[in-house]
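Each of the next two complexes has chain A plus one other chain: chain B in the first, chain C in the second.
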Partner chain A sequence: MTAATQPQRTGRVRRVGERQEALAGYAFIAVPMALFLVLNIGTTLYAFFISVWDWNVRTGPRSFLGLGNFERLLNDDIFLIAVKNSLYYTVIWVPLTMAIGLFLAVIVNQKIRGRTFFRAAFYFPAIASSAAITILWIFLVQPGGLFDEIRGALGLNPLFAAMGYGPTHNWMGDPATAMNSIIILNAWTTSGTFMLFYLAALQSISNDVYEAAAIDGAGAWQTFWRVTFPLLRPGHFFVATVGVIGALQLFDQVRIGGGPNGDPNNALMSVVLYLYNAAFIQVNLDYAAAVGVVLFLVIFAAPLVQRRIFGSGPAW
Partner chain B sequence: MSTDPPAAAQRPPRAAVDQLAGRIPSLAETEDVGPVGDRSRAWRKRIAYALMIGYALLMFVPFAWTVITSFKTRADALRLEVIPDPFTLQGWEYTFARLDPSIVTLFINSALIATAVTVTNLVLGSLGGYAFARLRFPGREVLFVVVLATLMIPDQLRLVPVYVLFNNFGLTRDVGQYIGVILVLAISATSIFLLRQYFLSIPKDLEEAARIDGAGFFTTFYRVMLPLATPALAAVTILQFQGTWNGFFWPVILLRDRDHYTIPIGLLFFRESGGFSTNWPPLMAVVVIATIPILILYIFFQRYFVEGVAASGVKG
Partner chain C sequence: MRQRLLILGAAMALAFAACTGDGGGSPGPGETEPGGQTTAPQTPAGTAFDPSAISGEVTLGQWESSPAERDALTEALDAFAQAYPNVTVNQETIAGDYRAQMITRFGAQDAPDLFYVNAEYAPEWIREGFLEPLDDYIAAQGFDTSTFYEGYANIFKGEDGTTYGLPKDGNTIAMAYNTDLVPNPPATLDELVSLADSLKGQGDLKAPLCLSPGLDRGLAFLYAQGGSLLTDDNSASAIDSAESTAAVQWYLDLFKNGQGMAPGDMGDGWCGEALGKGDAAIVFEGGWLLGYMDTEFPDTPWAFAEMPTGSSGEKVTITYTAAYSIGVDSQNKDAAWVVLQYLTGPDGMGVWTQGGIAVPSRSDVPVPEGFDVIVAGADYARPGSGFMPGYNDVQKAFQDAMVAEITGGSYSADPVVSATADKINEVLNQ
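Here is the complex of A and B:
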């Protein structure tokens, strides 16, 4: 009798326990999940919805546009300038910052005195807010600012003169140099972050391969280019992906440096700044939503393109 | 590392990592060394150190220059004097007495929003992270993928729908503005992910003992597991507080009234308000005030900054 009922009872107890555990699980995730579903998933779908309507801020949809906003984008000169600027920024900034980050990572990965200090120092510019550091940058590179003073004091002005820049050049005010100033600013602040990513990748390389390289008589230079660099491929892939996605989202620095119109002469107009401009300066919400949809699709596709460049990525 | 055995079990112990890192061949170590080599090696080392210290200084100089400039007179702001002459507190007096919105208001707004967002991420992140790590319920894996998928949605796509939604619910007016910013940042997938990974690394024995003693799911979580997760909670705290304190994108969109601005938005406002935009000493004082809280955190909790970045890198 007892032998027969025993399994049944524990079975029911277990089922009750499972149900309680499941209920507890749902209760634990209820609030965060609700927020994700409304503010992330819901708004994403809503963005696609808004982008195909003529949308009024207060009253909502007025008339159906279909892909009208997207067609308009393709013929919008300012949007095309924004795309060009964002691509230029991405193509220059990502490799530049990756190179600096890798260089710093290799340095602080060595057994040297003060390694912790150097790591902390190289990462330091990344802790400040984009607003504070952009204002600081504008101050440093303004005509006659610290940058101009220092290059003058170092006797570098003939070099700059050869490139066509006077002793007090308006780096942020000249359309030809404004975006490059932002590129240097962001390479400076973000190279520390990339250094940390590369450091993690460097430390995952087994010591055996270095021993093998040493036995084969490889020098340091050869070891780096023939062993370390190729073995870092998953690291390169990761940093490049994070970098490209971040670069396509360029906003804070150009909004602060160039105002809502990306001055001078649209030189700092990025895709995201254009989205912001469409929403709050032109007050054309559906058009802005369409820019967001394009950006989303590009960001979604970027890693797939990169995967083709770098070959198969790491397991994740 | 000694304070958090579960994480140590997951990764190679730090000593081993250091050892490995130290054995990666450097220029100095793989070189054939003769009596002459010794001397050139020592010199090379000195040059390498000089370059590294130079680069490290390059990281600090702009911030030092900010502090120095804040103590100069407006007329002297652009002069290349390392020690302000005359040394003046005018800039700081201006910052505290004449800004509108006042620096105190900005500081309180920043502190309020950053603290609230940090707390919501800790509470919701640990609840969600624990449930996804340890409680079994139908649909768990799917929902976790949904959480991670939100990382692929760029904030910019959500700009228009979030603004439209919040505008309809009064979250772009009065106190609603604070609530809007806090709500949109209330929980990030990174917080859930970090805490889930940490909970996964804690051995199940303690939890099972608590359950056998008759503790409910919440008591087990709150009394037993949460105290064990302190290192992960610290990493989330640093990551969220720093991110929100420095945040620009959502505040610039959702904070419409001056009195509700955070420091970064205040900086943008000051930059764009005519008479003040080139009054560098007080502007630099605001940059200093914007950076100091994070600088203090960085000095004391540097480890968590680095680990937070590394962990957010691992998630991919």
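Here is the complex of A and C:
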């Protein structure tokens, strides 16, 4: 493709050199590509294969089911709850975390004293292991835990009482509040990463446009909404895509928070947790593979839809 | 573009072939191979099996919950090495999610020769053909299995009575109570309820009883009141019987009337913590409570008592246990059996349970100090898990419905019973 636009080169030596360069390029790419094909593409296709069989873990296929597992999924109440929960989580968590991430990025993008410290501090929760921070969170929101004490000390209890919550509440144990607790936890821990993405996007905006806006008399608020926010579109696209893919893969926090059954009452049953449950609790590998196939198709389709929403994305 | 797709397709096909090619060990699509169809023991038929004549190496895969458990196992394996110097045991602690890791190991036909099997998932592992039948070894050696308590041993038998594992130890659920608040433990469920009423509001109690809103303890109360999950021949649901429904209602009423509370609602991780912290006066736990209370809450005065009897009038409780099993794909089955028969035999189990973290699963092993009540329960205990395939789904259906009843404030047994019955019938028909 690019060769056509380049001026014709003559001479054998030049061509040999080009070929060697290409060979070296392929050689470098061969190992990671082979790993990618086997470990990512290969396993994905293998999951498609397993999902249409009655499959024994140890001995492999027993009988052909065709689309039987997928039909069963459509009538599986718990799977449908898992889909609903994962979608709910995605719809709430992604915009919330994007907003917090952008807010933090704008703050630490100012030329203020100690901004390196703030950048590090806001990013800090993201480097903690998800297992450790989830256990910490469970303690924070347990009945009579730090969260309950702080809202009591701040005099917020009348507000919570109006919403129907007593002075102590089992936030992770109540089916109505368990998923929202996880959403807040993950919004907190992931907003630092999103901040980093947004920071990179913010710094790619040329200073010229801000100068032009200033000359036109735009205030800070106007500059943000009319200049910064629209120019961040590639950033929004990237963060939203990464966010949606990550959100649909929700697992660690619900596995630790609610166990393999998504307790309480399926409130924390996500699609990936249900996959895990089918594979390792029910020991039904083909059914788990079918869940994986559905999840793969959704995750594969999501960025395509998002591309529509955000228009054509950047070159990558 | 078309060319790119072609190349991608070819690459995918290659990767696919690389993944499915498993050396021809497993049958192709359409063929079936029933699990566990291997012959054992590998000694000539008719000759008695002499464990001391066997030599070899055995990999033992197990979980490890505490340093004390590791020490107890080390002592048991040291004693084994003395008794059977020809067999070397390579111990491999499987860290993290034992159940998930073992399943991937079975899938790769790379499981340890000998390993723990928790009662919770024994029926699934038997059904999937992961476990080697042991009956031929038991018969050839004349290994005495008659002293195993049935509430433990029966869990590791298939539907046709084949033995796939022998319990390495076992626990029964007993009543643990704060001796300051409860001088005389209740002997019947009626006494338990009236005692709970009188304890309400005493001390710092958040509730008199710590209860789980599920079958992991609820099953014991169901049995105590003549209820059951399954009919006697295990062929149909019995949770919808009048006795069962009444028992479920009784259990829900404990929550409704503030006599009992779930540990999470008290801000505790489990009921042992609730007893230790004084949030509850009575909890229902197994032998694992003893070591926990000694290390975490040495100042809380408490004791074990047998489970109160219910309207059935008979003593009953439920068991939690784990077995040693041999992998179907093991290359060292004879040597693995030598280790198994020692560790589940009277001598090996004696060393293992002296560590103070495990309770014997057979009656010819001395009872370690503090576990008398737990062992007394083994005489009449019924399996608390692992007695039917898909029990996790049944338990989940029961618990989900029960949590919905409690958080919804309606406390009605009917939705719990019907959700559980539906799931039992679905599981039985699979």
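One rule holds in what follows: the second predicted complex is superposed on the first by the 278 of 316 C-alpha atoms of A that agree within 3 Å, B and C clash if a C-alpha of one lies under 4 Å from a C-alpha of the other, contacts with A are read in each partner's own complex, and residues count from 1 in each chain.
By definition in this document, a contact is a pair of C-beta atoms (placed from the backbone, for glycine too) under 8 Å apart; a residue touches a chain by one contact, two chains touch by 3 or more.
Keep in mind the model is a prediction, meaning the values are calculated, not measured.
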Fit-or-clash call for chain B and chain C when the two complexes are aligned on chain A: clash
Contacts of A:118 with chain B and chain C, given as first, second, both or neither: first
Touched partner set for A:57, first chain B, second chain C, both or neither: both
Partner chain in contact with A:130 - chain B first, chain C second, else both or neither: first
Which superposed partner A:215 touches (first chain B, second chain C, both, neither): neither
First, second, both or neither for A:238, with chain B first and chain C second: first
Partner touching more residues of chain A, whether chain B or chain C: B
Touched partner set for A:168, first chain B, second chain C, both or neither: second
Contacts of A:309 with chain B and chain C, given as first, second, both or neither: neither
Touching partner for A:223 - first (chain B), second (chain C), both, neither: first
Which of chain B and chain C A:275 touches, first, second, both or neither: first
Where chain B runs into chain C (options 24-32, 132-140, 258-266 or 294-302): 258-266
Chain C-contacting residues of chain A that also contact chain B: 37, 41-43, 46, 57, 142, 144-145, 276, 279-280, 285
Residues on chain A engaged by chain C in the complex (per definition of touch): 37-38, 41-43, 45-46, 49, 53, 56-64, 142-145, 168, 170, 172-176, 261, 263-266, 276, 279-283, 285
Complex contacts: residues of chain A adjacent to chain B: 18, 20-26, 28-29, 31-33, 35-37, 39-44, 46-47, 50, 55, 57, 107, 109-112, 117-125, 127-132, 135-140, 142, 144-146, 149-150, 153, 192-193, 196-197, 199-200, 202-203, 205, 207, 210, 213-214, 218-220, 223, 228, 238, 242, 245, 248-249, 251-252, 255-256, 259, 272, 275-276, 279-280, 285-286, 288-289, 292-293, 295-296, 299-300, 314, 316
In the complex with chain A, residue positions of chain C that touch it: 11-12, 14-16, 18-20, 22, 26-33, 35, 97, 99-100, 103, 106-107, 109, 121, 124-125, 127-130, 262, 264-267, 328-329, 390, 392-393, 396, 399-401, 403-404, 407
Chain A-facing residues of chain B, complex: 17-18, 20-27, 29-31, 52, 55-56, 59-60, 62-63, 65-66, 69, 78, 80, 124-125, 127-128, 130-132, 135-138, 140, 143, 146-147, 150, 152-165, 167, 183-184, 186-187, 189, 192, 216-218, 221, 242, 245-249, 252-253, 263-265, 267-268, 271-272, 280, 283-284, 286-287, 290-291, 294-295, 298, 302, 305-306, 309-310, 313-314, 316
